[in-house]
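This report refers to the structure that appears directly beneath it.
Read from first to last, the chains carry the letters A, B and C; within each, the first residue is number 1.
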Amino acid sequence: MNKPNIVIVHGAICGGCDVALANSEEAISKILENIDLAYWSVAVDARLSDLKSLGKIDVAVFMGGVRTSEDEELAKWLREKSKILVAFGSCSAYGGIPGLAALTSPIELINLVKSTITTSSQYKSIIELPKLPELSTYRALPHVVNVDIVVPGCPPPIKVVNEFVNVLLKYIAGEEPIGPLVIAGSKAQCETCPRKPKDLSKLQIPSIKRIYEAKIEENRCFLEQGILCLGPVTREGCEHSCINVNMPCTGCFGPLPGFEDVGLRYIAGILALVAVEREKELMEQGLAKILDKLVDRLGVLYRYTLPRSRLYMLKLSLEGSEYAR
Amino acid sequence: MQGKNLVVDPVTRIEGEARVIITLDDAGRVNNVYYQVLELRGFEAFCRGRLVEEMPRISQTICGVCSIPHHMASAKAVDMLFGRKPTETAIKVRELVHYIYMIDDHLLHLAVMALADLLAERSSELRGLVDVVRRYPEVIKKLITARSITTSIIKKICGKIIHVPIAIPGGVSRKLSKEDLEFIEKSLRELRGHLQYTLDLFKNTLSKSRRLQELARRGDYELKTYYMGLVSEDGSLSFYDGVLRVVDYKGSEVATFKPEEYTKYIAEHYEEWSYSKFPYLTIIGWQGLEEGGVVRVGPLARLNVCSKVPAEWALNEYKEMLEFFGGEKVVNNTLAYHWARLIENIYALEVVEKMMIEHRDLLSTGEVVNLEGTPRYEGIGVVEAARGVLIHHYKSDSNFLVTDVNIITPTAINNAAINTQLKKIALKSWTRLLLNEDLTNLISELEVAIRAFDPCNSCATHIAGSRLIRVFIYDSHGNLLKVI
Amino acid sequence: MNLDSWEPKIVAFLCKWCSGAAAELAGVSRLLYSPNVIPIIVPCSGRVDPDLIVEAFMNGADGVIVAGCHTPSDCHYIAGNFKAFKRVYMLKKLLSDFGIEPERLKLEWVSAVESQKLKTLFDEFTFTIRKLGPLRVKIRGGSV
C-alpha cells in the first residue's frame, strides 16, 4: 500500500513555524517514517508546479497568513485536494502578528515601507519589477476555508507539535477527523497558571501599568500587579512559556472555545474589573483616565487574532468598504 | 527569440520570493545579473502605533530564524529610547542568550542550507535536506543533537525557543536560577564535542573533496568588497555590543563609528525592481552593483574586521583558515563564509564558557531591570545576527507609542554584494549562454554562492532555507526568454 | 444601498429597573419617540456584553444605546452600571480603532421617572445616526 503523503505550504510567514516543526526530532522522524513528505520547500527541492501535479494529497499543512490572492487560491485548492487541512501556527490559525497589518490599506503599507525615517533613497529603474500579487485582505486560514486541525502557537511549542503529529497518525490509521480540532487545552491559561490567585473571582486590578513602569514580581498574578495578561482569555497548552519567565501572556494560543473574540471577551471580563474597589470614588474624576492607560488596544488585545475579531468581520461584511468582497 | 521560448511557471508565487534575473545582450551574452527580492509584509507600517516597550516581542516575528537578534536589537533600541542603561545582570543574560543563538543559527544553516552544497561530490547531487538525510543520516543526527542542546538552553532561559519574551526596557524579565545555571553548564560541556565534530567534518570534507577545493580556489568566488561588523572597544570579535568598523578588501580600516551614528555612514539605495533596499556606505557612495563599491556583512566580514579573536581554540582555527586562503589578513572568498561560521561557533562557545565562570554570580543575582533614565523618544539598536549587522531604529511619541520604524537587515545589506557575486560568476563562466542547454549545473553554482551568504530571506521574505531559486532570463529587449 | 429610503436602525439596551421603566412610562404618558429605536430590556446595564453590542451592529444596527441606572448608587446590583461604563468606554475606543465612528454607541443614565430624558436621548441619537449615515468603515490610507 502506498504511504499517505503530506505537503507543507506557506502563506505569509516568518519561517518560525518551519523551524518549530524541524525542532522536534520526534515529530520529524515520525513523519518521515509513516508519511511521504511530498512537498516542503524548506527541506525538499520541489517547486509549486510539483505540488500542483500531485494526484492526491492526504494531509496539507498550511503555515502563515492568507495575504495575497495567490495565498487564497492556494488555500482553496488545497482544501479541495486534501483530506486533512491543518492551520499550523498562530498566523495561519488566527492571523498572527502580521495580521495587525489588516487595518492598514495595501497602498499605505507599500508607501510606509518605502519611506524610511533617516536614510536617503534614490530611485532608478534598470529592469521592471514583476507585478506584485494583489495584497488582498489579510485573513486567517479558517476564515477562507474549513480546516480540520488547528495547531496554535507562535510558533507551536515542541510538545504541541508532537501531539499534532500523533493526532495525524491516528487520522491516517483510519480514525475519522472530528472537525476543527485544536491541539491545545480548552480552558484558560489561568486555570493551571502557577500564579493563579487564590480566589479568581475576587481578583483586584488596581490600575493598568505598562511593563516599562513596573518591576514585575515573580510569583504574583500579573493582573494583580496591574500588568495586563491575556491568560484569562487564552487557551492553555503552552505550559505557560512566557509567564514562567516573568512575562505576561500575550495570547498566541488564541481564543477559548466559544469565545472567538479575545478583545471583546477581555473588555467584558477583565477590563471591567479595573479599579473595581474604587469605582464609586473614581467615577467622577478618573475611571476613564485609568482605562485610558491602555493605549494600543489593537496591539495588546488582538496581537495574534485581529483578522479573526468580530469587528474585523463586521468590516469585511460592510458594504462600500474597501474590504467588501 | 520573442515570446515563443517563454517558459513561465504557471503558479508564480511572488511575494516572499527571491529570484535571479539574467539579462542578455544582442549577441546573447550575459549582460547583467540581478538577485531580486520580492517581499512585502509591512512591519514598518503596522509597528506604528504599538507600545514601544512591546517592540522586542513584536518585531522579532519579522523572522523566525533570527528572532533572537531581532529581539536583542529591538531591546537595545528600546533601552536607548527610554534612556536606560540595562543592569549588568541584564546585559549578561542577554549576551548569553545571544551567543547561544549564534551557535544555534549557524548549526541550522549548516544542516539546512550548507550541507548539501558541501557534501555533494558533483554539483546539485544533493537536492535539499531530505537528500542529505537519506545519504548522510549520521551527520544529520549529530547536528540535530547539537541543536537540541542549543535550543534547550534558549528555552531554559527564555521560556520559548523562537519569538522569545525576555528583554524589557532597561533589562530582562528575570535572572537565572541555580538550576538554570547548572543546566547550562552541563549542556555546554556536551556542546563542545559536537562543535568539534562539525569543524572536523568540514575540514575533512574540504581536504577530500576535489569539487570543493576547486570551487574554493576559483577566482569568481573571490569578491573584493568592503566589510562591516561589530567589534568591541578593543577590536575583538563581538556579536552583541561594540562599535561598527568598516575595512576594505585588504583589511585597512575605512571607518569606525558608534551604532547610534549609523545614519551618517549608511544610506539606502532603492531600485524599482526589488523590494529589498540596497544599503550602502556613504563614505564610498552608491557605485552600483560593482565589486569595488559594495559592502559585505556576516561571519566572514566579522572575522575580517576584527583585530582580535580573544579565545584560544577559535583563534587557532581562524589561523588555519587564513592559511588555507593564502595567508592574507583578509579573506575575500565567498565560500569562506562557511568556514567562518564554524569558527564563530567555537568562539561563541568559548565566550559563553568564560562567562559562566567569570560572571556566574551576576547571571543569578543583582537587579534585572533599571527603571531610571531620561527618555529620548528615539533609539537605535545594533547587534550581529548570524548573517550580519542588524539595525533597529525607532521613534516614539511622548506616550511611548511607536511613530517611526526603520529596520535594516543583514540580508538587505548583503543584497548588493550577492548581486555582484552572481554577476561575476555568470560573466566568467558563461561566455555565451546557450539558451537550450541544460543549465542546472550553472544554476547550482549560483545557488552555492547565494547560500554561502546565508541570506535569510525571511528577514526580507519568507523563504527561510528554501532551495527554490528561480532564474529568469531576459533578452536585450527585455523579453522574458526562459524561466529555470 | 439606496440612501433615500434608508432609515437608521438603532438598538437600545435598557435596564429593566430604570430606563426600561422609563420607556414604559413614556408609553403610558404617550410621549412620542423616534420609531427607529428598537428597545431591548435587560436585567441590568452590567449585563450588556460588548459582544452583544457588536452582534447588534453585525445584524444591521447603525447605532446602539445602552442605558442604565444613575451612578453612583442607583444600580440594583450595586456596580453593574460601573461595569457598563467601563465596557462601553473601551468598546467605543475599539470601534474607532477599527474605523467605526464611536458616536454610534452611546451610554446614558436614565432613571425610571426620566421618560422625557429618554425620549430626548432617542430622538437626538436618531438624529446623530441619521447624520452619520449607514454604518460604514473607514480605513487608514484607504483609496475609497
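One rule holds for everything that comes next: a residue touches a chain if its C-beta (ideal position, glycine included) is under 8 Å from a C-beta of that chain, and two chains touch if they have at least 3 such contacts.
Keep in mind that this is a model prediction, so the values were computed, not measured.
The most central chain, judged by the distance from its Cα centroid to the centroid of all protein Cα atoms shown, is A. Distance between Cα centroids is largest for the pairing of chain B with C. Centre-to-centre, using mean CA coordinates, chain A is 27 Å away from chain B.
Chain B and chain C have Cα centroids lying 55 Å from one another. Each chain gets a centre from the mean of its Cα atoms; for chain A and chain C, those two points are 33 Å apart. Among the residues of chain A, those touching two or more other chains are numbered 103-104, 108, 298. For chain B, the set of residues touching two or more other chains is empty. Against chain C, the residues of chain A that register as touching in their complex are 103-105, 107-108, 111, 261, 263-265, 267-268, 271-272, 274, 276, 279-280, 283, 287-288, 291, 294, 297-298, 301, 310-315, 317-323. Interface of chain A with chain B (complex): residues 10, 12-20, 22-23, 25, 32, 37, 41-45, 47-49, 52, 64, 67-68, 70, 74, 96-98, 100-101, 103-104, 108-110, 112-133, 135, 154-155, 157-158, 210-216, 218, 241-247, 250, 295-296, 298-300, 303. On the side of chain C, the complex with chain A involves touching residues 1, 49-51, 54, 57-58, 71-73, 79, 82-83, 85-87, 89-91, 93-95, 97-100, 134-137, 139-144. Partner chain A is touched in their complex by these residues of chain B: 9-16, 21, 23, 32, 34, 36, 38, 40-46, 48-51, 53-54, 57-58, 61-65, 67, 82, 108, 112, 127-131, 133, 144, 147-148, 151, 157-163, 165-166, 168-170, 173-174, 263, 266-275, 277, 279, 286, 369, 371, 393, 395, 399-401, 404-406, 408, 456, 458, 462-468, 474, 478.
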